Amino acid sequence: MKMKSSDDQPTALDLGPQAELNADLSAYFDKCLEKLGFVPNVLRAYAFDMVKLKAFIDMADNLMLADSGLTKLEREMIAVAVSVVNHCHYCLAAHGAAVRQRAGDPLMGELIAQNYRAANLPARQKAMLDFAVKLTETPDRMEEADREALRKAGFSDRDIWDIAAVAGFYNMSNRIAAATEMRPNAEYHFMAREKKD
Amino acid sequence: MKMKSSDDQPTALDLGPQAELNADLSAYFDKCLEKLGFVPNVLRAYAFDMVKLKAFIDMADNLMLADSGLTKLEREMIAVAVSVVNHCHYCLAAHGAAVRQRAGDPLMGELIAQNYRAANLPARQKAMLDFAVKLTETPDRMEEADREALRKAGFSDRDIWDIAAVAGFYNMSNRIAAATEMRPNAEYHFMAREKKD
Amino acid sequence: MKMKSSDDQPTALDLGPQAELNADLSAYFDKCLEKLGFVPNVLRAYAFDMVKLKAFIDMADNLMLADSGLTKLEREMIAVAVSVVNHCHYCLAAHGAAVRQRAGDPLMGELIAQNYRAANLPARQKAMLDFAVKLTETPDRMEEADREALRKAGFSDRDIWDIAAVAGFYNMSNRIAAATEMRPNAEYHFMAREKKD
Amino acid sequence: MKMKSSDDQPTALDLGPQAELNADLSAYFDKCLEKLGFVPNVLRAYAFDMVKLKAFIDMADNLMLADSGLTKLEREMIAVAVSVVNHCHYCLAAHGAAVRQRAGDPLMGELIAQNYRAANLPARQKAMLDFAVKLTETPDRMEEADREALRKAGFSDRDIWDIAAVAGFYNMSNRIAAATEMRPNAEYHFMAREKKD
Amino acid sequence: MKMKSSDDQPTALDLGPQAELNADLSAYFDKCLEKLGFVPNVLRAYAFDMVKLKAFIDMADNLMLADSGLTKLEREMIAVAVSVVNHCHYCLAAHGAAVRQRAGDPLMGELIAQNYRAANLPARQKAMLDFAVKLTETPDRMEEADREALRKAGFSDRDIWDIAAVAGFYNMSNRIAAATEMRPNAEYHFMAREKKD
Amino acid sequence: MKMKSSDDQPTALDLGPQAELNADLSAYFDKCLEKLGFVPNVLRAYAFDMVKLKAFIDMADNLMLADSGLTKLEREMIAVAVSVVNHCHYCLAAHGAAVRQRAGDPLMGELIAQNYRAANLPARQKAMLDFAVKLTETPDRMEEADREALRKAGFSDRDIWDIAAVAGFYNMSNRIAAATEMRPNAEYHFMAREKKD
């Protein structure tokens, strides 16, 4: 199959040329190249407008990398579990790779990207993903009992905020990706596939 | 009915005390007080963490207020149409008020907040909301034909990005509000209710 | 926005001229004018046929006004909660106003018309609306356990009948309104909006 | 299997003794006995309150038996198609029998009661049931295009009202039956089962 | 209504002439004729290819007739309950008849074919059908708790396999019937309709 | 994460010891070992009963390997697209690997296993998967127009049967896997991951 040249255009939209990167964002792109070997297409998609690009990066990095009662792996697991509900090709590729990498376990990435209920997760992570998936599917059904279930699983109110914020964020980015047919960098598919010993 | 004292706590979560506002954010809160008479509870909810608060404001204000092929009213209409699908009490209160105000028409706000299909909207706005609602309900079904329908209704690819980004954003904030039981300021209910002549 | 002239035609259907009102129905319309200042458009819609009009009024008035273990406010709350599921513009306008009025509380009307789960209702009314909403969404799932939940919340079997009958009735009228694009009288939007002291 | 003695109690609710029938309703019950050999359980269920019973009969008989652009068989077909969506045991039994009888064709009754799309119906009746089923499943999606499809299939606006009113009515009675576990008279299952020559 | 001549062509597809039956399959068809008076149309549909026909018969007969902790009636009940969810005309006709026959009770067949929740089934069969219906509607939600509910209702792990396998099989055959518009033999509608004494 | 030892028990059910394999099935297992390096867990799961195991293999092999107007890759694509809807961990692992292998393209496997609508497939394969997915999600909505769409895309009636039969089969096996928590062999995750030149 001849793939769409995702390296040439990151979405199905013609959004015009990349805006000129300021020093901070230019450094950010360089760091991506250095660490990943490529600039994630979501950033290239946003790069037609520096204000939007910066706002996206600021929010995403805070959610996924700042201090939190959730581990970075747990936040990636939420990203993937939400993206399974929304069948988001871009986010499953990018964050599936992240789960494989952060878990140090390629099977774990596949499991969460296929059906987390099959993964026999620890009770804490099962409760976390149950909440994130219910919030994705039927936000209007959330009730105090849902928060109580998280508290019983050991999460603080501050952690509940983070679960909600991460799940909310991927419900946003899944939809932006879907609406624009955002194409994941091919490299994601090959990352962190090595068998564990 | 004795209402929950939404002025005392903006959500069902105990997120600790408000962080100290830096000068910029302090000025921002003051401006809200001056223009609206209150600080929107969503900002008070985020105010336990200045980085998160700033990231939220930066993204929201860019989406809703920056230059765009969409009018500010149209962006508020998307916010409300998305919030109807998700039955989001907070966003229907806050952005329903915004539609009433920006449209200069209290009936329009009610219509969009109840069922935009009943509003006999111009073809452009009907196409815009059809796209935003499909993206909300079934993001995995978006196809080129959906983008083509927007182009036929007169939207540029850049406008399509903005429709997707606004619809995506409210799918995020609806879920954060639902997960935390965020309570709208009572003032919203009374804003822009005056009958037009 | 130029609104559709809902005062001129109550639905999108051309149903011919109003039939001649008999003395009873003429008095009924006069009473509406006296009490509300207008004849509700649902009555004007039915008025092409006196038999249908009378059958509708007889059933509606018995359900909403006759003696019952449910208060009149509770019956209006059911009407609104059902109409939220069905996104019925007509019924949300008309019965949202009724909830605001009967509750003596404009915020309560908004809450129920947006998402009753956000309203921190007393257990009795929460159980009542949970039953009505489940009956609306998945009637084929009703089981004895659902009736038992109502009995535990203090309802008699006779009350359960009334909850079912009111929820059923608005599932009917929501659909007649949707199928015919029935337009609420503009006056509803402005009723009972005054802030409580 | 030992069946529930549906002749003894028509629902799972204890609604108290039958009210005293006035002369008109007593004559009505007698006519049922004469024509059908039994009083339909839905009437027995309502008989705890003469006002409710009369309102139900008045509306049902007007919808199903009064002059209309729809044949009586077509109205029964709508009743059944709606009841299939809602999986209503009572109405499928009672109105399935009515379709078999009015069609003079037991296979037709089975077809509509299983999946009308398998029935190779004439375009008029296919359009009618498509409208009734969409109205049942997603009332909030009704648009002018749906009414136009009926007009193209030969229906007048007055007929559209009748389709909506009948479909609406069974969305009500399906739910009252589901909420109360209303039990069909056993006789329905055996009516109009004879093979056509 | 003029029915489609289901005896002439068992589906809406033109699959070419029947393949020559080998001795075993010829004997199998003869046995159908002898026992039922007709060859079920599903077999006639498959008969364009002897390998496919044999594979279908081998699997179906093993599931429905081999030794199992489930009675043959229970397996037919699963077939019908699954087919209700999928609104499968063919399977409701054929297996509805089988339930009527194996139960020796025409009302039971109607009940299961309309809504098994209305049937006041023994706890064992209720649990069995709840599992089969959940598996039909939301297979991705199955968890250990679902299997535990069956074990508590008295089923062995081997029985759980059989429930899953029968429910799975009708999810397959329902879809083949729907995709091809498979038509049930008219005879099914008249089988086992006699009133019990 | 400590994974469940899927090599020790292929499902969550205790189905007793493996039955003695007859010569044919023993040779079949040997061939799996030779070609794949392992016996697929679905076969190990069925191996408690030789008749069931043989019926499953006969049907699966005929559907996926026999002569057909569909290529073997196309049949695997259907298997995966159906399994995405049902979120089936086992089938996504096993048939995702098969698509990667048969397509000679690891990206293609990921695409179909995430969202085939993002894959810019040729019209023929897009039509094929649209049909299979609609048949999976809403079998009761299939109409002649769906078959006509396949014919217009170049499929014969015989091909339509095969599309339906393969889609049906995976709706069965997805459910058996879900009901029993069937665990894919770990090897699947590592197969055919090599980058194309």
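In order of appearance the chains are A, B, C, D, E and F, and numbering begins at 1 in each one.
Just so we're on the same page, a residue touches a chain if its C-beta (ideal position, glycine included) is under 8 Å from a C-beta of that chain, and two chains touch if they have at least 3 such contacts.
Nothing here was measured: the structure is a model prediction, and the numbers come from that model.
Chains that count as touching both chain D and chain F, per the definition above, are B, E. Looking at which of A-F and B-D shares more C-beta pairs in contact, the answer is the pair A-F.
Averaged Cα coordinates give chain B a centre that lies 28 Å from the centre of chain C.
Mean C-alpha position of chain A lies 23 Å from that of chain B. Work out the mean CA point of chain B and of chain E, and you get 50 Å between them. Multi-chain contact residues of chain F (touching two or more other chains): 87-88, 115, 140, 142, 181.
Chain pairs that touch one another: A-B, A-C, A-E, A-F, B-C, B-D, B-F, C-D, C-E, D-E, D-F, E-F.
Across the complex, chain A meets chain B through its residues 12-16, 48, 51-52, 54-56, 58-59, 62, 66, 86-88, 131, 135-136, 139-140, 142, 144, 146-147, 157-158, 160-161, 163-165, 167-169, 171-176, 178-181.
Partner chain B is touched in their complex by these residues of chain C: 1, 3-4, 84, 87-89, 92-93, 103, 105-108, 110-111, 113-115, 118-120, 181, 183, 186, 189-190, 193, 195. Against chain B, in their complex, chain F makes its touches with residues 115, 117. Across the interface of their complex, chain B is touched by residues 140-143 of chain D.
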